[in-house]
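Below is the structure I would like to discuss, written out as structure tokens.
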């Protein structure tokens, strides 16, 4: 599986793992708690709300490439599609790296 | 006398959307009149270029494109939801009728059914 | 490249296979974590997640067999995996001991999964980084 | 008082017990329908609803045993009840025939539930009023 | 179980059975399809959104008494509580009657 | 070093709220520092006068009232959600602290956990 090389943050206070689309009440709860030192990782159905989340988030937002591909969101190097915005696609290896870098992890 | 099966869950994250499709194709297989409505996050079933093999799932976009051949009478999609999810132009499969899923639309169906 | 220290993880799965994507995402994460040299010291199944441990699940032959894939992964890496006993009993996930205790007609837990109490989850929280895999929407 | 003609119902349950309230609401509805003289010609379990038919579910003794209450009601009123085969196989709900066919270690379906295809649901729609009991939120 | 006697409609086009609170996207979908000849029955968690639904609905709204009682919404004859608004509480017997009267039933 | 267990599902319609309570009481039983946050429809766990016996379920309102005795350090509730669900005055059990579940509030907890 090809994936763009992502620049991971050097430090993450809270890694927010979101797996629900933006209509879901818990997605709104998640957005209300984000800080600039945090990172959001969109997985499963949440990749479909990448542009909404990226617009609202004060911090870096990543999405799992496998979930994006499955749902027809194609990564273009540098720029995202209209649906993905500028959210970088990463693999499970980078998901592990994000979780290792994070002081705290919240699965929404 | 048409049954409308409504799918409002995005693909692959949960199984109920797939189970709704199974219901529609079963109705069609038994020559019962049926149509599909994709609403809310469910409209994402209609996106072109889905490659769910990486998740161990099969793409149904091709099946949906041939829904008429299988006997499903129409594919409807919530126009507002399509806009929200940037499902426009090439991004949406052919053969989908955009509608507003309001009272006027729903009243035309004998039954309206969710899979879960 | 950021320097990443080796971690000890506990994975908690609360979503059922063939109903949610949670067990799949968790397995992909687990494989990547082990490949990167991290340790997974326990997998804990809670709520609907206990169904992953059913030996009777029988998906169509052209679909991945998530319970078997999980079992194989756990056995290969000798990772202990437990299903919460109160979640398991309410959902019909039974081992030999519970079968005898409640005089049931069968047991259906798949090796190497075992049944244990929430105390295992509490303990995991004190000595590892917990990541939850819930049902999405 | 409005005059109400006698009905023939099919109940479809898609939510699991001890995870959703759907099987409870459906049972209360079914009891009231039978008490009022209506007929229930079939109960159909779909998706996560198939877990109602598990004979291994073992709730704490101070909680209602929904699968047993459902079984007793169905037997008393001789109402046929079927679990969708594709939902059942993916979720580990197995009868003797499937056990043999797939060489599994056990079966776990509770009488009088049986396993059948979606065709039963299609047929039900042509000759009865269907009411669905889904998982809430 | 005590319950107030409810006046059921003489005819119902569509009976909408709603079991999700108002935050859930499907509750909003339900509200968007209501007609004056319809009836709404709130069951399970949806009883908690009775006043929101009653305000938005152009048709009669009922709720299951057992679900309301469980969640601490007490029926007062004639008037509802603040949380229940004016929604009448009915039993499973009346739920059956509503379903028999309805030409069409949608479970949301 | 406190674990915050968050419950955002209304009572009785689904089991995950109950499973969240079980997690909190387990932590407390093992002398781990924990608190409960009720948000969204989850605030309805805090209503007085619940009588779920008709649904074959036990009321936990009394347990929640005694949460401090069991070792749960605090009960927090989303103030906006309480307002939406008319949980004011006598309608809400004693001992609940109303808060806004924003970044400032959440940052005080070592872990933030949902049950499902």
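Letters A, B, C, D, E and F name the chains as they come in the text, with residue numbers starting at 1 for each one.
Here, a contact is a pair of C-beta atoms (placed from the backbone, for glycine too) under 8 Å apart; a residue touches a chain by one contact, two chains touch by 3 or more.
Since we're looking at a predicted model, the values are computed, not measured.
Enquirer: By the touch rule set out at the top, what is the minimum number of steps from chain B to chain D?
Expert: The least step count works out to 1.
Enquirer: Both chain B and chain E are touched by which chains?
Expert: Joint contacts, listed by label: A, D.
Enquirer: Can you give me the shortest step count from chain B to chain C, moving only between touching chains?
Expert: Graph distance in the chain contact network comes out at 1.
Enquirer: Among all chains, whose Cα centre is located farthest from the one for chain B?
Expert: Most distant chain from chain B: F.
Enquirer: Could you work out the angle of the rotation that brings the CA atoms of chain B onto the matching CA atoms of chain F, rounded to the nearest 5 degrees?
Expert: The C-alpha superposition of chain B onto chain F needs 180 degrees.
Enquirer: Please report how many Å separate the Cα centroid of chain C from that of chain D, as a whole number.
Expert: Going by mean C-alpha positions, chain C sits 28 Å from chain D.
Enquirer: Starting from the mean Cα coordinates of chain A and chain D, work out the distance between those two points in Å.
Expert: 40
Enquirer: Which residues belonging to chain C are in contact with no fewer than two other chains?
Expert: Within chain C, residues 18-19, 21, 47-48, 86, 90, 130, 132, 134-137 contact more than one other chain.
Enquirer: Counting only residues that touch at least 2 other chains, which ones in chain E make the list?
Expert: Those would be 19, 21, 23-26, 44-45, 66, 107-108.
Enquirer: Residues touching two or more other chains, restricted to chain F: which are they?
Expert: In chain F, 9, 12-15, 40-41, 55, 57, 111, 113-114 touch at least two other chains.
Enquirer: Considering every pair of chains, which are in touch?
Expert: Every pair of chains meeting the touch criterion: A-B, A-C, A-E, A-F, B-C, B-D, B-E, C-D, C-F, D-E, D-F, E-F.
Enquirer: Inside the complex, what are the residues of chain E that reach chain B?
Expert: Touching chain B from chain E are residues 13-14, 25-26, 29, 32-35, 104, 106-108.
Enquirer: Give every residue of chain A touching chain C within the complex, in rising order.
Expert: It is residues 8-10, 17, 19-21, 24, 26, 43-46, 64, 66, 91-93, 95-97, 99-101, 105, 107-108 of chain A that touch chain C.
Enquirer: Provide the residue numbers of chain F that touch chain E in the complex, in ascending order.
Expert: Those in contact with chain E are residues 9-14, 40-41, 44, 47-52, 54-55, 57, 61, 85-86, 91.
Enquirer: Residue numbers of chain F touching chain D in their complex, please.
Expert: Against chain D, chain F makes touches at 9, 12-15, 55-58.
Enquirer: In the complex of these two chains, what residues of chain A are touching chain B?
Expert: Result: residues 1, 19, 21, 23, 44-45, 48, 51, 66-67, 69-74, 81-83 of chain A touch chain B.
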